[in-house]
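Paired with chain B in one complex and with chain C in the other, chain A is shared by the two complexes that follow.
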Partner chain A sequence: MTRKTVIHALVLTSPLFIASASLFIGAYGVSPLMVVRSLLYELLPYGSAMADLPEKSIILDIRVPRVLLAAIVGVALSGSGVTLQGVFRNPLVDPFILGLSAGAAFGCAISIGFFPALPVQLSAFLFSIGSVLLAYNIARSQGEVSRLPLILSGVIISAFFTALTSIVKFLVDPHKLQNIVFWLMGSFSLADWHTISVSGVGILIALCPVYLMRWRLNVLSMGEDEAKLLGINVMRDRLIFVVSSTIAVSLAVSVSGIIGWVGLMVPHLVRMITGPDHRTLVPLSMAAGAAFMIFADTVARSITTYEIPVGIITAISGAPFFIYLMKKGGKESWGR
Partner chain B sequence: MITINNIHFSHSATSPAVLQGISLQAEQGHLTTILGPNGCGKSTLFKCIAGLWKPDFGEISFNDINILTLTHQQRAKLIAVVPQDHEPPFPYSVLDAVLMGRAAHVGMFATPSRRDRQAAESAIEEVGISHLLHKSYTKISGGERQMVLVARALAQDARAMLFDEPTSHLDFRNQVLVLRKIRQIIVRRSVTAILTIHDPNAAMLFSDSVVVVKEGRVVVQGPPCEIITEELLHEVYGIEVVIGKINGAMVITPHISSESSDNGEEDAKIVNFDSHKNHRKRRLCLT
Partner chain C sequence: MYQVILLFFIFITATAAHGETVVKYTDRLNRTVEINTPVQRVVFIQMYELLPALDAWEKVAGVAEYARRNEVIRAAKPDIDTVPSVGNGWNINVEAIMKLEPDLVITWAAAPKSISFMEEKGLKTVAVYPESISELYEVMQLLGRLLSSEENMEAAKAEMEKIFSLIRDRVSRRTNHDRASIQADSDRVSIQTDSDRASTRAEEKKRKMLYLTGQPNNVSCALGVNNDLLNLIGGVNPAGGIQERSTLVSLEQIVIWNPEVIFIWGNAGYTAEDLIDNMQWRHIRAIREKRVYKLPDWTTWGPRLPLIALYMAKKASPEKFSDIDFSEVADRLYQKVFHIPYQSEEAP
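Now for the complex of A and B:
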């Protein structure tokens, strides 16, 4: 029991450790002392000499917002991954596989390319909720959603919206094209305090119902009929979970582009440690998602002289993980 | 007491009616068994009582409360359902699985309280599976899993319990153990209980009242020793049986030899189905 508590505490606090470490790493060399002094500057403004130093602004205006945004996006992707897995009682889905991310990406692309008046976040949300409902209804038969059909319909929806996004890229003017392409690859390089105060806060608010209702995921994962027999309003609860996680994911996509696999990988790893009870699984997945995202982003921005899009890092680690799950789970994961 | 009055059900307006005016009563503290061949409407009737399907018309009430108009949450506080054995997607512990029985009592934005946990633990103790408390629900035997589902229904704290073919996936020993335990709980808690089952022998042995259903209609309802006769079983199942008494209990046994009158009819069905198998069967009978 105590050992379990220690492990839970470690996972919950892991984003703090990784974030602190991440602040010391970056393309522009800032000495550790300078990092600490810059961080303290906001709390106790000592001496005006500090205010103009580039190091200070690198830490406070670039690295800190970036680490924070990575953490929040990690929370969004991993939190919605664990939610969708529970709601659809399918351990193999995440926002990326269900076509949610592709829908959001298309929403963002047409907003950037053709309708600048339409807020990117709103457009992303509309198309991602559309894609998840489509995937769900294609896969649904006789009141239940089987595992394989859901994944297949997710793949179909994903391919469809990716194709639509390609049309947008083809038709849009070259200047905007560059924006879209760069942003689609998935990156936190545009992080600033403004994005955090709008999208970051939005994500955290959207995930509140998911966190509060997390125990109900246990009941929902038993299937539609059983959840009803146990006294749950299945349609209402499913809708709340799906809409909340879709808002979180579309906000995440609108600030950082498509970052796949996090929502699949992190909840699985956490489930191996804590077991499937969503009361602990949801908060720990969120924390671990934040930690993983900060870590991946730190690798992305520091491993080479040029910055690698973080979506590439997560895909490189995610694809082998998915194969591992397939092989290991075998019948267990793929059967009905 | 659960009272069902003249319910009709069909899957759609054009399809034939599955239930054609079913009426029955289940007394408090008694085990009422619904017995009938495959396709007689047993599971449809069960789903209607459980509240998953709405009958086209007719009434279902529990202690004078019309349960057809209740929400799932309101109904779950009155009636607990033990479903057939199933495989959940995630390996929850037995305690977590039983705790789900508290769903109707836990607020929407809350997690189970200490009281809910106590209710779950005492339900687990009552069915006698305390040793499984922290075991994974996917790694225990079918009989044990059925007991977990019974415990979950007990944790629900309802005055009526429905059991959907609780023995269909179990071996002989576990069938007896599970039915014995169910009976014991019903008597001790004095709940109203309805159970569907395939096996007429088990229905005879364990129930206080049997409702025999055929083609969407109730043939007869009453205490098993009074209503279950050789003629009735022939009428409902289409095979000849003999009812004897062993150890004070009524036991039904079918004819095995091909000489009896019904076998011609039965053979004919098998021929349609698989003539090769039938040949072999006949050869076995001759030798």
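Now for the complex of A and C:
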């Protein structure tokens, strides 16, 4: 077994280790034995006796869904980050580059501010998808959808929806404003099985094309002309990658709020370890994203009596990392 | 809490000079502001629900946009839209305020930057942020003095205090159930139980009550009016040890606290049923006993504060308030303080 294989195996299994450890950590003092018994209670012969124990509920209804949701969102953000970095051949691209987070924020703001009947998650999802579609259409109006116009359109759409969100924040009363601010900070504190069943499955389905076509990212990242020479339909593949990533991240944002830096930071870390081959980079980034997100959320919920929004933890760790990247130089960290 | 009250300590000194009276006031930002009274033009960015009680509309130069949407103000002054709007607490339109040439701007301490900006532009500002019932009274007293409406404010305070006294009185009464419960506990503890210990047990018997704000896991803590309300109605806030106004906590923490009664802020985007139907909350006593109540969406910085307290008290201790007709009490306060009838649907 080569050293490389060992590293890959470690990264791939890291979410399992961190998730397992995370289940033992929490404000409610559940003994390790009870954690294990709760996890196995359906299988245990005396399991039914545990049905009404609060400890079992803490593990199965609160901690497990939370850890799972953090893992799924980590997969979505990191997987989309590495995909879009490959598509746009830019190491500083993150999943929110096409205006997705700004659209989601606006969707959240108008739902809370003006249309309480419209669920926040649904509104955030629709507007995040809508913002990327808008950006894509603006870029297409220039003719072929190439990288620079698409990124520029994303910046424009981001600015536009950010301004709209500011208007909503200005108009709503301070009580609703507080709700908007909380949502935007990002958190898994209210994760439940329903959320996972709706968003988790959607995210995994959306990321299937990315996973199955990941080798094409290697070709796309060589450059448009080279990819065409090699027989790749650049426009079609780019669209597939962008749409898949957008759906995955929109679903993630709709259930967790806006959690920055993960999609930028984790792929870089993995790329530094494993190199730029997307055949391994994509699955390893997804695994590392899940592990990092579970870790960040465990920190967020356990270092104080109160709950720290996980977006703050990722930003605190992400910002210095970004500075490091800038100092080191984008091209060097890109690995080519 | 006491430190906060001390910080907010008002010292009003009046000095007669050329027919004017100067009021010195140490505001929430610990600034001593000197205000010549009576003021003639005031902009209310906060505390606007006191306007119908102050009944000094001719001195109101401008109001926050929110004031124009407040149902009490709209009922008391149907032409409120004719009073210029100056933005809101977070987004103050300083140019609009300057145009109004006010003597004084009543704003909140949550946006100190805008206050220093206004001061630089020559606008006199007072920053308020009542953290308790007594601080609310102090601000009412100040505004009454500044707008020459001392009598109105005293009358409003008296009406409010009547309701608070009613609550204190009822809460302090022990029902047969309370006595039996305390006695049973005392008997269990030890045969050495004396009256002091019984009293301590009574204190411990206070019901744990949690006040949830914008998110289900965002709880009111030691600072702020909400904590005062919980104490007033005979509860004990399990988050009262956290020196914050409110904070996010994990669901596990709420399960550990296991409150007997949960109140939900009136403006929260979720309902009591949302929590009761949520499996994650099912081991919390308040959820099991369906003692989760969403409050009216009224501001706690105004004369309706005692009505919120009464609403909570009736929910928390229905046996002690069964003969109290909430709508009747509310109507009396509305008539006496706002000079309008109580027409809200809100009644526990």
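Here is the rule we use: the second predicted complex is superposed on the first by the 262 of 336 C-alpha atoms of A that agree within 3 Å, B and C clash if a C-alpha of one lies under 4 Å from a C-alpha of the other, contacts with A are read in each partner's own complex, and residues count from 1 in each chain.
Just so we're on the same page, a contact is a pair of C-beta atoms (placed from the backbone, for glycine too) under 8 Å apart; a residue touches a chain by one contact, two chains touch by 3 or more.
From a predicted model like this one, the values you see are computed outputs, not experimental measurements.
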{"item": "Which superposed partner A:321 touches (first chain B, second chain C, both, neither)", "value": "neither"}
{"item": "Contacts of A:190 with chain B and chain C, given as first, second, both or neither", "value": "second"}
{"item": "Touching partner for A:179 - first (chain B), second (chain C), both, neither", "value": "second"}
{"item": "First, second, both or neither for A:41, with chain B first and chain C second", "value": "neither"}
{"item": "Chain B versus chain C as contact partner of A:170, first or second or both or neither", "value": "second"}
{"item": "Which superposed partner A:28 touches (first chain B, second chain C, both, neither)", "value": "second"}
{"item": "Doubly contacted residues of chain A, that is, touched by chain B and again by chain C", "value": "none"}
{"item": "Chain A - residues contacting chain B, complex", "value": "86, 89-91, 209, 212-216, 218-219, 221-223, 225-234, 271, 275-277, 279"}
{"item": "In the complex, chain B residues that touch chain A", "value": "50-52, 71-77, 81, 83, 86, 88-93, 96, 99-101, 103-104, 106, 108-112, 152, 156"}
{"item": "Chain C - residues contacting chain A, complex", "value": "66, 69, 87-91, 213-218, 242, 244, 247-253, 255-256, 265, 267-269, 278-280, 282-283, 297"}
{"item": "Chain A residues within the chain C interface of the complex", "value": "26-28, 54, 57-58, 61-63, 112, 116, 120, 169-170, 173-179, 182, 187, 189-190, 192-193, 301, 305-309"}
